[in-house]
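Going by the order they are written in, the chains are A, B and C; count residues from 1 in each one.
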């Protein structure tokens, strides 16, 4: 599938989202839980702002020295028997992984949830090569059966309800029980156990790699990543090239921030660090281990004003507080990365042509920036994107450009400005009824389509002030 | 104390009462208020839409207009946050760098100025009614003014303040967002006004005219019996 | 061939960062704040145990205390409570010291199938663990704040023991308690710096597995254990 999901225009995707009542109910209640969880976790720490500062400093130092730490990481993994492949593009990564799978003559592959493999469209490549790929994260497994893309980066099937899930299990897997979440999960446990035990290859993403020792860390609750890394003899971890920390000490801080910001937990059930292949005499763990480090457009972001977007640790805190995401849902963004971070990252990784609407899917309320555990100035990045779209890419509509030409003249010529303020009431008179405009002209239409617009004041403030100064107090 | 009023384009044209109340409140606490006539708009509508070069033309006019002011005070958290941003936007422009920084340093939102600079928490106002407060995003998150409006409102006699559920969520105004993305904006303001109505308040009070026009416009469209009021109206009532 | 494409990849990274490639001489900065060391600073082992007990309620984990003398009794009880007919345990060097070796040997007499992890038996270990009702390991370092046991998996302590059975029992010597993850990773960081080979798999385990993927309902017990019991042992 790749980073872009769906071809419908942004406006249509948004409309579809708005009309999806179940999805919106699910998203708003999920946002409620995520938000209170995060706030409670932050409150329990007491010094959340210090943690954020530390998180930002760690991410910033790591990105500034990315080549150094990646080299160290690759040396360490290789020392512990692992193979490391640096992939410049999605194609290179997919090609390498396909070769590994084909060499093993692997028939079945189990995967734990990984956003980067969604981004590069790995499953498609492997399926084309004839392998059966089984997603084992409960949410991802549901989506895979329905051939539906994720709508959230932590809980990918957030947009589906239990009735829909029951239906999917019944039609695809012969499930016969109720739609109780516990029963659905028990069924998934039974079904997927067989898959784990019979898989030839396990594929995971990577939350953080530790440069000093080569440990690749997975942060999960279900335990599927542990099964994927413990049982199959061949294991492949795919990581975005920015997903690493210098030492174990920074791993602690980043994991603590991630689990709190993502789900309000002090730690998730499993934080698992594996280093290279299993040791001699170890029974479980991979005999053959591969780490694939993916660029796929990330390096273009380095050294630019957007560099801090690479600090992202994929916690979805920005998504969980976003009032726009709340109403339009994840699929509206047309990217595997939805929400504020998706609106920032997607155009950087995949260009403006298909994603130029995303930076405008925000009121710039800055709730995202406030929630981000590593202090990415997300709303500021959105403004920078808009600036590039307007001034460099020249993709803004003509009518808007003309209006903004007018704005510049208006704002820089006090006399013209004053005159227009004086004229406003008169100019809007034809549309005004009882001091209210219910159907406005031109650009006002977007406003009055959904709410009333007040009539301008009878007297502008500036003329009142002038009269008052002259002694005619009003 | 000499204070220059930055009225904001919205209040100048759409809500001149806000300006009048602001002047009277400031004067009550001994400020001598002037109104630099050549002020225009802070540039935010263009800036937030990506027209940075064009926005800067307006910004330069603002810097000229307030060059000699001691304090700049405005009844809008959002517009003052924009003035503060000038320091960053002109940091590489030798001609404007210093004056941009100066303007940022001396600009205050009204409630912030009353509480932090004048040290006033009780303006001596009386207003009977039940209100809920809409904390606007730019005032709280960009300008960092979170407590001042509450402190002032708490001391208004006769006022009953009720909490607004999900008060941290944006109302859907977002400047040009309201007209560029009307369908999303509609859902946001719809939810916001539903929460406001749930509180049973007679008034929803805020410190930013943009949000209030958005919220008030939707309340009016849905014929709800709640009125949107700028905080200055309450603080200047006796 | 164990590292491919590295040079061009990293040279490009350096180019994009607008400087020469860095292969050495990078040291971690002095961070301006270090809030992690303030958590439970100065707490005694007993206070840490209380914190752990509190946290166990949050993570849906049974919390028990024992002495060296009562440990086997408490384990036996826990196995029974969890309907344990088949038990797999780690071959830990502490087993003798804690009286577990003979206890495990005697489990057979009580009608409980028991398997001690034995690398010479290969994948048989995994097959047994898959059938087992209960898996038992020691905690190497225990994090009071989050209620986490840390396992350095090794030849005798397979990854599957704490993963495949329906119930997981962790034996937590009181001396292994530390405030939080920071102390555990400092230990690993130092070991690594001293050239000590750190385990190929470090597992931080916090209660049973869970998921919130279906309508955000918390489901306890998905792919990993459905239940977890922590037994703190007075070893000090």
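By our rule, contacts are C-beta pairs under 8 Å (C-beta built on N, C-alpha and C of every residue); 3 or more make two chains touch, one makes a residue touch a chain.
As the structure is a prediction and not an experimental result, all values here were calculated from the model.
Taking chains as nodes and touches as edges, what kind of graph is this: line, ring, star, complete or other?
The chain contacts form an open line.
Taking every chain's C-alpha mean, which one sits closest to the mean of all protein C-alpha atoms?
Smallest centre-to-centre distance to the global C-alpha mean: chain A.
Go ahead and name the chain pair joined by the largest number of contacting C-beta pairs.
A-C
When the C-alpha atoms of chain A and chain C are each averaged to a single point, how far apart are the two points in Å?
Going by mean C-alpha positions, chain A sits 30 Å from chain C.
Please work out the Cα centroid separation of chain B and chain C, and write it as a whole number of Å.
Chain B and chain C have C-alpha centres separated by 53 Å.
Give the residues of chain C that touch two or more other chains, as numbers and ranges in rising order.
none
Give every residue of chain A touching chain B within the complex, in rising order.
Going by the criterion above, the answer is residues 11, 14-15, 18, 321, 323-324, 326-328, 360-367, 369-370, 383, 385-391, 396, 400, 404-405, 407-414, 417-418, 421, 424-425, 436, 438, 443-447, 449-454, 456-457, 459-462, 464-465, 474.
So in the complex, the part of chain B that touches chain A is made up of which residues?
7, 9, 11-20, 23, 35, 37-41, 43, 45-55, 57-61, 65, 137-138, 141-142, 168-170, 172-175, 177-189, 191, 213-214, 216-218, 220-221
With touch defined as at the start, can you tell me which chain C residues reach chain A in the complex?
For this pair, the touching residues of chain C are 1-6, 8-14, 16-18, 21-24, 26, 28-29, 31-36, 38-39, 55, 58-59, 117, 119, 121-123, 125-126, 130, 143, 145-148, 153-155, 158-160, 163, 180-182, 184-186, 188-189, 192-193, 198-217, 219, 221-225.
What does chain A use to touch chain C in their complex?
Listed in rising order, the residues are 26, 29-30, 33, 45, 47, 50-51, 53-54, 57-58, 61, 64-71, 74-75, 78, 80, 82-88, 92, 96, 136-139, 142, 155-158, 161-162, 165, 181-182, 184-186, 188-189, 192-193, 196-197, 212-213, 215, 221-224, 226-227, 229-231, 241, 246-253, 255-256, 263, 265-279, 281-285, 293, 295, 299-300, 302-303.
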